[in-house]
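Next, two complexes with chain A in common: one pairs it with chain B, the other with chain C.
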Partner chain A sequence: MSLGTLPAVVDAAALASALDPSALLATGGAVDGLRTAARVLAEGIGKGAVYFTIAVGLTLVFGLMGVLNFAHGAVAMVGAYLGGLVLVIVVGANTGTLATILVFFVALALVFAVTTAAGSAMEVTLIRPIYDRTPTYQILLTFGVSLIIEEVARIVLTLRGIQPDPQWQAPMATAPDVLLGRTQLFGVGVRRLYLFEIAIGAVVAVAVWAFLTKTLYGLYIRAGSEDTEMVQALGVDVRKAFTVVFGVGTGLAAVGGVLLMWDPIWGPSVLLSIDVLLYAFVVVIIGGLGSFTGTLAAAGIVGIADSVTTWLFTTGIVTFPGLSEVTIFLLLVVMLIIRPQGLYGVEEVGGH
Partner chain B sequence: MTALELDGVHTYYGESHILQGLSLSVEAGEIVALVGRNGVGKTTTLRTALGLTPPREGTVRFDGTDVTGMEPHEIAARGMGWVPEERRVFSHLTVAENLRVAAHSAADPDARIAEAYELFPALDRFADKEAGDLSGGQQQMLAIARGMVGDNDLLLVDEPSEGLAPQIVEDVVEALRAASADTTMVLVEQNFRLAMDLADRFYLVDHGVVVEEGETAGVTSDDERIRRYLTA
Partner chain C sequence: MVVVLYMGLFAMSFDFVSGYTGYLSFGHAAFYGTGAYFVVLAANGQVPGIPGGTPFMITLVLGAVLAGLLALVIGSVSFRLTGVYFAMITLGFAQVIYELIRSWGYVSTNPTEGATVSGDALAIGVPYVDALSLDVGRLTGESVENLLGLGIDLSATVVSYYALGIVVVVCYFAMQRIVHSPFGRVMIAIRENEERARAVGYATYRFKLAAFAVSGFFGAIAGGIFAAYSRSVAPDGTFYFLVTADALITTIVGGFGTLAGPIYGTLFNQGLEDVLSTESGGIATLLREGLPASALEADLFGVSLELFVNTAVDGRAPLYLGIVFVLFVLFVPNGILGTLRDRLGGTVGKRLPDHLRRYLR
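Showing the complex of A and B:
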């Protein structure tokens, strides 16, 4: 193929029109431009809230234990399906908006409890015996667990007559109408689902922050992230802390999955497993493995980058459909080159 | 009463045989110094006592209980504290948080931390400061305070003067004297004179075994039985 046959990635006319100052002033477009920027920013924060929720469990587990949990995405996928199952069973055509949202939060709590218990059991039975081995063993083990979870999910879904790859529409259809439209905030139309995701992301962030900074267990985890052996030498049973953190990290992955269940960009599907894992890794690596603050900052950066590039594509300025993914992974590559430990990361965590 | 007893202990790092049948005994209330050249097994002795590097052979008894093979947190919870080489304070935690982690096992953590602040007023002033921002001397004070606040009966102190200016070393010595008022202490120290000044008795370690022991009173590094083990 000659270069001349390559499709144009940037639509020059659309770009010139969008950036033409005289046209903007003449038509009052400057105000519209500001509104668009505010809307893109708000949606970026919404996406960032989702990215934070799916990544924070991964960074907690790595921070204390030095374990890169490749089953994190698979657990999020299970969370999306379990949450969806609860909503499909409980929510009917006559269920009101408030009741539906209440059921959503009950599903969230149930899924968190079940997956936290399952994660704790996984740590005790599978991860604990290989702490003394090289990280390769932990990666292979958790990757194997991820494959098993995905295949079991495919089998179960197929037996239930649900296609595993396209999104499972039934739970997505339970989303109340109030979350589907846009709401005006300071003259800016923002999707209500994003506001809902921002609210949940904020609650998760505050809950994890309070757990880390206001509880004795959180103190052990932060100390253990720096020096596991020293914490043991101070009389703390680090194995118990490992079990709790792995359980909570797993539960948070599943909470992320429940949050994605209503989001038309994600939705329950087996492919959610790898999608969540990739984005979670991007966020924790950019933020700095093991850093709560870094995860929060990186989720915001990735969310806004995603939102801006999505706007560039939907307005036709850029015609390359993979712009968003390419930009996000470019951010990852640039970070690995200029600051491999990430925004807030330290070069070594947890003595690992 | 014997606070700590190591009996015929053999400890390895991988295939490296570090402690080669080392035995020692520390009575309650005394300060015992472990002296010797670099790499002879002094730090490994402390790590073995605390279960961080468990022995392959031999026995470790703490307050009369056989603790060989116990997990480090179980031994520490019985009242054995550690002030490690290079301090190892939690640099991203505040001074107060460092002490809070260590005081979790104390009957009254707040009272123990208040006592530590009384003993080390500088730590009280910097209670909300991240430990990583403290000077070397202040970090050493914090490491000692952290070893004290856990209601420990025995404190294992490793190279407390390492890398500190002489004036700061004097402060650290005073802190250790204060800490030893109600705690038995095992001290590993390269500075022979300092070790002899602080301790009641000493063990001279070489190639993973005790080669000399005795009272510290009147002992100098010029003593022939000492000098040949301290010079390369």
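Showing the complex of A and C:
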């Protein structure tokens, strides 16, 4: 969902799906209304999986540290490009479908490792000195970092002869044909890419959930988001936990970026930085800052709202092109008005 | 350098609410955009009730009042929240308006590209008195020959610069007046300790709301003079999140919570951009001409140094500004003007003469 600059692409992609014969058939008859609803729902869950993956790292970091990481989107952008780089280098014309998907997962793991290390280093060098200041300065600092990352990315890309602005087509072309088609699920044609994204989103969700509930650091995070001082008093080295969590949060952002690489509505481009950041904010705020369950639920809500409004526009029921973006940001505003702490947020977190 | 004026004024209006009350207004671009779009639409006669050809000064103020009202609406729900949540809800509002504007066919036939002023140049000065107003604009501006019989000729750009400058200075003094009034003291009290301010008996909610409306008003004036000068507005240059981000960066560099600071920050920003640019003696040109040819062709990880200079120096001000910004946040949190005032122990105008006098003896 290229928020700022590429609405035409969004609409074109959505239009293509609407012009698909099976979809047209589905939207044509009233009998098929249920089937259309199912398809829109499935697409919504697919989009929700993407939203979840890009937002979960942000909520993790905020939950423990109270730092709203404005560099989150920039890291996701870097993740998309690094993942794309691995795929472009390894995958050739003769690489099989299974091998490509395997390479994708290798790239995912590799990017996660690299960005986790980079995120930890950033926490130690830049963010640690300003914990005692007001949260405003943490926002400002991470925002500055995101600015630097974005500009460096632009320079490196231009030096390598890649246009930073429209999407980088080379890695998008490596997406195996299998994922581009549709599969019949309970009589509904669902794009396989969405199923793939749902699968990865589920894996990420389970992994983060396991990290939070089954590991010692997860315990620290859950305890720390309730009361950091108490955890410190109990002898936990919170500083080390901060470093690890910030690293993992950054790594998850990059994983989200890698996932976006094959998605035709996102794709690797420098603009991803701001887009991912804004959407991650929406999801995290709606779910409740620092809440894992909330992020999961909010991603689903935003994803379904997105697919429903996109469908409303493509079928011509509503002729306003910016409908889905407006709806998503309106969700944010309305949520903040009626329930500022979000769906599952703890009232004290963030101090509003 | 005209950019410094309108962006500086916008950053100032941002600092007025964010720096003085401590509430980060992340959707401030909404007011800038309101001012800019209102002026352009009014000049084209597209605003109902306002005939085309209404003097710019009147539409400028009307647009600013509209933005002030918008601020009241946004603020009335947003000020129930604080901290990160306030920043997020204002950002949310601004993004909603941004998305609406860039799809609103009424604005122009191609709303994503924005709208342009089709009629005559817009003039700053006394409305309906031609002798006391000056047309502004990069190409449409008025040039003045033989100023006051002094034999000084001013080009169109220079005239625009001074005309816009007058507006900015008037706005600066107006805001300065508010900041130093009892009202301004309450704003600072809210920043320092809102609960105590409320306990003392101030209705902080109303004060915050009023400050936000005033800030929105001046933000819209900044947008309005920008629109008058550039004669075209686009959603990405007015309502977008990055416009607010620009104001934020310059405010931090200049001095958070000092009204004049943002102007210095914007000046710094623009100065950096000009120094790095290819035009007239920028660093990129200097490097390209100053370095020997062999050095320029030297291999640097597979690219020549010349290409590196072209892409990594020329027009790359945001990168260096980002680095400066991070360093400022880490080491100079009060910004240029704030730190200078701390060092001198008062405002620069009052304290600097004493400090300099020491060296005269």
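Keep this in mind: the second predicted complex is superposed on the first by the 319 of 352 C-alpha atoms of A that agree within 3 Å, B and C clash if a C-alpha of one lies under 4 Å from a C-alpha of the other, contacts with A are read in each partner's own complex, and residues count from 1 in each chain.
Simple rule for what comes next: a contact is a pair of C-beta atoms (placed from the backbone, for glycine too) under 8 Å apart; a residue touches a chain by one contact, two chains touch by 3 or more.
Source: prediction; values computed, not measured.
> Using the superposition on chain A described above, determine whether A:Leu110 touches chain B (first), chain C (second), both, or neither.
A:Leu110 contacts neither chain B nor chain C.
> Classify the contacts of A:Ile155 with the two partner chains as first (chain B alone), second (chain C alone), both, or neither.
It touches chain C, and chain B stays clear.
> After lining up the shared chain so the two structures overlap, which partner does A:Ala202 touch, if you call chain B first and chain C second: first, second, both or neither?
In the superposed model, A:Ala202 contacts neither chain B nor chain C.
> Mind working out whether A:Ile274 is in touch with chain B, chain C, both or neither, as first, second, both or neither?
After superposing on A, A:Ile274 lies in contact with chain C but is clear of chain B.
> Quick check on the superposed pair: does A:Val236 touch chain B, chain C, both, or neither? Answer first, second, both or neither.
The answer is first: A:Val236 touches chain B but not chain C.
> Look at A:Val124 in the shared chain and tell me whether it touches chain B only, chain C only, both, or neither; answer first, second, both or neither.
A:Val124: touches no partner chain.
> Which partner, chain B or chain C, is in contact with more residues of chain A?
Larger number of chain A residues touched: C.
> After superposition on the shared chain, which partner residues are touched by A:Tyr220: those of chain B (first), chain C (second), both, or neither?
first
> Within their complex, state which residues of chain C touch chain A.
Going by the criterion above, the answer is residues 22, 24, 77-78, 80-89, 91-93, 95-96, 99-100, 102-103, 112, 236, 240-242, 245, 248-249, 252, 303, 307-308, 311-312, 316, 318-319, 321-323, 325-326, 329-330, 333.
> What does chain A use to touch chain C in their complex?
Answer in residue numbers: 4-5, 7, 68, 126, 129-130, 133, 135-137, 139-141, 143-145, 147-148, 150-152, 154-155, 158-159, 274, 278, 281-282, 285, 289, 320-322, 325-326, 329-330, 332-333, 336-337, 340, 350-352.
> Mind pulling up the chain B residues that touch chain A in the complex?
So the residues of chain B touching chain A come out as 50, 52, 71-73, 76-77, 82, 84, 88, 90-93, 97-98, 100-102, 104-105, 146, 150.
> Show which residues of chain A lie in contact with chain B when the two form their complex.
Touch list, chain A to chain B: 216, 219-220, 222-223, 226-227, 229-238.
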